[in-house]
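This structure is in structure tokens; I'll ask about it shortly.
Letters A, B and C mark the chains as written, and numbering starts fresh at 1 in each.
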Amino acid sequence: MIELFQANADLFFEGFKYTILSSVLALIFSLIIGTLMAIFQLSENKIIRNLAKAYVEFFRNIPLLIIVMFFYVVLPLYGMPFDGFQAGTIGLTIYTSAFIAETVRSGIQTVPKGQMEAGLSSGFTYSETMRYIVLPQAFKIVIPPLGGQFINLIKNSSILAMVAGLDLMYQGDLVANATFITFETYIIVGIFYLILTLPLSYLMAYLEKRWAVRG
Amino acid sequence: MDFIGAFSFVNLRFLLDGLQITVAVSVLSIVFSFLIGGLMGTLRFANIPFFSRVLGVFVDIIRNLPLLLIIFFTYFALPQIGIRFNIFWSAVVALTIFESAMLSEIFRAGLNAVPKGQMEAGLSTGLTYVETMRTIVLPQAFRSMIPAIVSQLISLVKDTSLAVIISLPELTHHARIIYGQNTNYVIPMFVAMTLSYFAICYVLSLLSKYLETRKYNY
Amino acid sequence: MIKKTFFSLLVLVAAVFSLSGCKSGNVADLDILETSKESNEIIWGVKNDTRLFGLMDIPSREVKGFDIDIAKAITDKVLGRDGRATFVEVTSKTRIPLLKNGNIDAIIATMTISEERKKQVDFSDVYFDAGQSLLVKKGSSITGVDSLDETTTVLAVKGSTSAVNIRKASPNANILELENYAEAFTALQAGQGDAMTTDNAILLGMASENPDYELVGGTFTEEPYGIAINKGQENFLQAVNDALKEMHEDGTYDEIYEKWFPNDDTGKVK
């Protein structure tokens, strides 16, 4: 197995790079979109609230593959070309944002209502109270599950392999086909993923224990 | 885009065949992984020296790997050490392995959430460990686990689409075959796939909300 | 706690390493000719997305094509009239792993005989002569392999000789490898690449259904198709070759060829 790795190290690392890049990009944008959707769901405006709810429910209940294929196969047919990496990353972003919206929303709602009331009665506006009082508390509650979503994101980034997205899974595939030594190749790919996900997983478990809300 | 042609009787029947496989794989996987995952979660909770720890590491590793990799591995790599499944069973086995690991964690968390006093009370009343688990702890743990379990089931249904990579003849695969033979069918097929998955998953999520609010008589 | 977890991780890693050591030698030991006679079944790996060779026919839910018919005829000759030919879908990428793993008995899937592949598998006699070509949208500026450079992207299929050959023929072009022909063609239609490359016979099948696309540049390689059989299966290989010879002698081969390629003799093996 070591020789296999050394012979193809450049391919593995190339894929590793793209996996990380895709995951980080998707994380940043899905956090932004997800948080926005969470806030919209709690808005006073009925239309905004329902639109946000629809967005979240829709993207949480369809497979990631379909979202990615939409960007890779459908849109280009109508003039908007996306390559494998782009389609995969955008798909990942949209898909994850729906889950993050749910996580952040329940985080915000876990913050005692009294906080919002106190803020408003102290003269802050709704958005100011959100920004300075509610959201900071919400984020602490929400970090461990968000960490979980990031781990899911990294795992889901393997979807790039299905649209020639040049990621770790795609490269591993190419190596497996070229050498026919599928067993060791996929073990190596697995180890690469574990390097990313296992530490995060243990970190989140640790944080969860430390920040446990005393009930 | 040609909706009429895309949804001809022949094509619809082909799609339904695919949907049948999607449902079959999902149901088999959830049943097996419920049993295996439940067992593993309980064993981890029971804290058997050394064994629970190794099981724990095993579960953590599976949970942190992409499902796509596990599917590949089951169909393409396992035969190299003598374990061979056909396409259908490879998908079921791969999904079961992954979901068992996920469910084992849900079980463990659910069991941990039950107040320790329950176990102590049961044991001090003369029940054995297993009996206490079975009649007192597990039922209570179960109630809190239901949303998480249904959520995993929803993920499972969506994840069956990943098995196209090993040519599992499920919904997504059949839809692809149809639009692969005629570009005008691309959008209709996407609509069909999206609606089908959404319908199943959304209904399941409503079921979950219903089960959550139902009052349990204890 | 960290020490204990590390230790159990070590145990698992050791287990994995030792597993990879016990590679199954059993597949090569089983004589396929014998086992297929016992089960009265030969499992063929075929394409499902290649017009004229192996294409899923939706109304009948069966896969149909030249490869399929040849396989059925060979099964007839080897096992007799009531022998069963079972078809498993493969792609250029998955076919050899599946053969070596024992999931299928033989590959008949537009597979070119090459020296590289002969190291991994044995091939039967040639049953079709193809050549590699390029498929482009009508009106494209690409006229052949020479038009390809670093500004062009060519779509190929993972695991095919075409992918390897195009890299040799146009080392500067960008190559993207997709899972199978259908996906590669969909990608071409979506503009993910400027041209698609594989065997002319396969491309002709696509062009016949999609008049906006055409083949350019003729063929720039020779691609003789053979049936791939795992190493160590001399009996089965002999049986297959004998069956092919019989099919040439009694006209079955010509019949099947005319059925699928009535206007074109270029692929026929004399």
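What to note about this one:
One rule holds in what follows: a residue touches a chain if its C-beta (ideal position, glycine included) is under 8 Å from a C-beta of that chain, and two chains touch if they have at least 3 such contacts.
Source: prediction; values computed, not measured.
Taken together, the touching pairs cover every possible pairing of the chains. With centres computed from CA atoms alone, B is the chain lying nearest the middle of all the protein shown. Chain centres here are Cα means. That of subunit A falls 20 Å from that of subunit B. Put simply, the C-alpha centre of subunit A and that of subunit C have 37 angstrom between them. Remark: subunit B and subunit C have CA centroids separated by 33 Å (rounded to whole angstrom). In subunit A, the residues that reach two or more other chains under the touch definition are 73, 77, 162, 173, 176, 182-183, 187. Of all residues in subunit B, those that touch two or more other chains are 61, 76, 80-81, 165, 183. In subunit C, the residues that touch at least two other chains are 20, 23, 97, 100, 179, 186, 189.
Contact residues on subunit B toward subunit A in their complex (touch as defined above): 60-61, 63-69, 72-73, 76-78, 80-81, 154, 158-159, 161-162, 164-165, 172, 183, 186-187, 190, 193-194, 197-198, 201-202, 205.
Contact residues of subunit C toward subunit A in the complex are 16-17, 20, 23, 93, 96-97, 100, 120, 158-159, 176-179, 186-187, 189-192.
Residue ranges on subunit A touching subunit C, taken from their complex, read 1, 72-73, 76-77, 81, 83-84, 162, 164, 173-174, 176-177, 180, 182-184, 187. The touching residues of subunit A, when paired with subunit B in their complex, are 57-58, 60-66, 69-70, 73-74, 77, 151, 155-159, 161-162, 169, 173, 176, 181-183, 185-187, 189-190, 193-194, 197-198, 201.
The touching residues of subunit B, when paired with subunit C in their complex, are 10-11, 14, 17, 50, 53-54, 56-58, 61, 76, 79-82, 84, 86-87, 165-167, 176-183.
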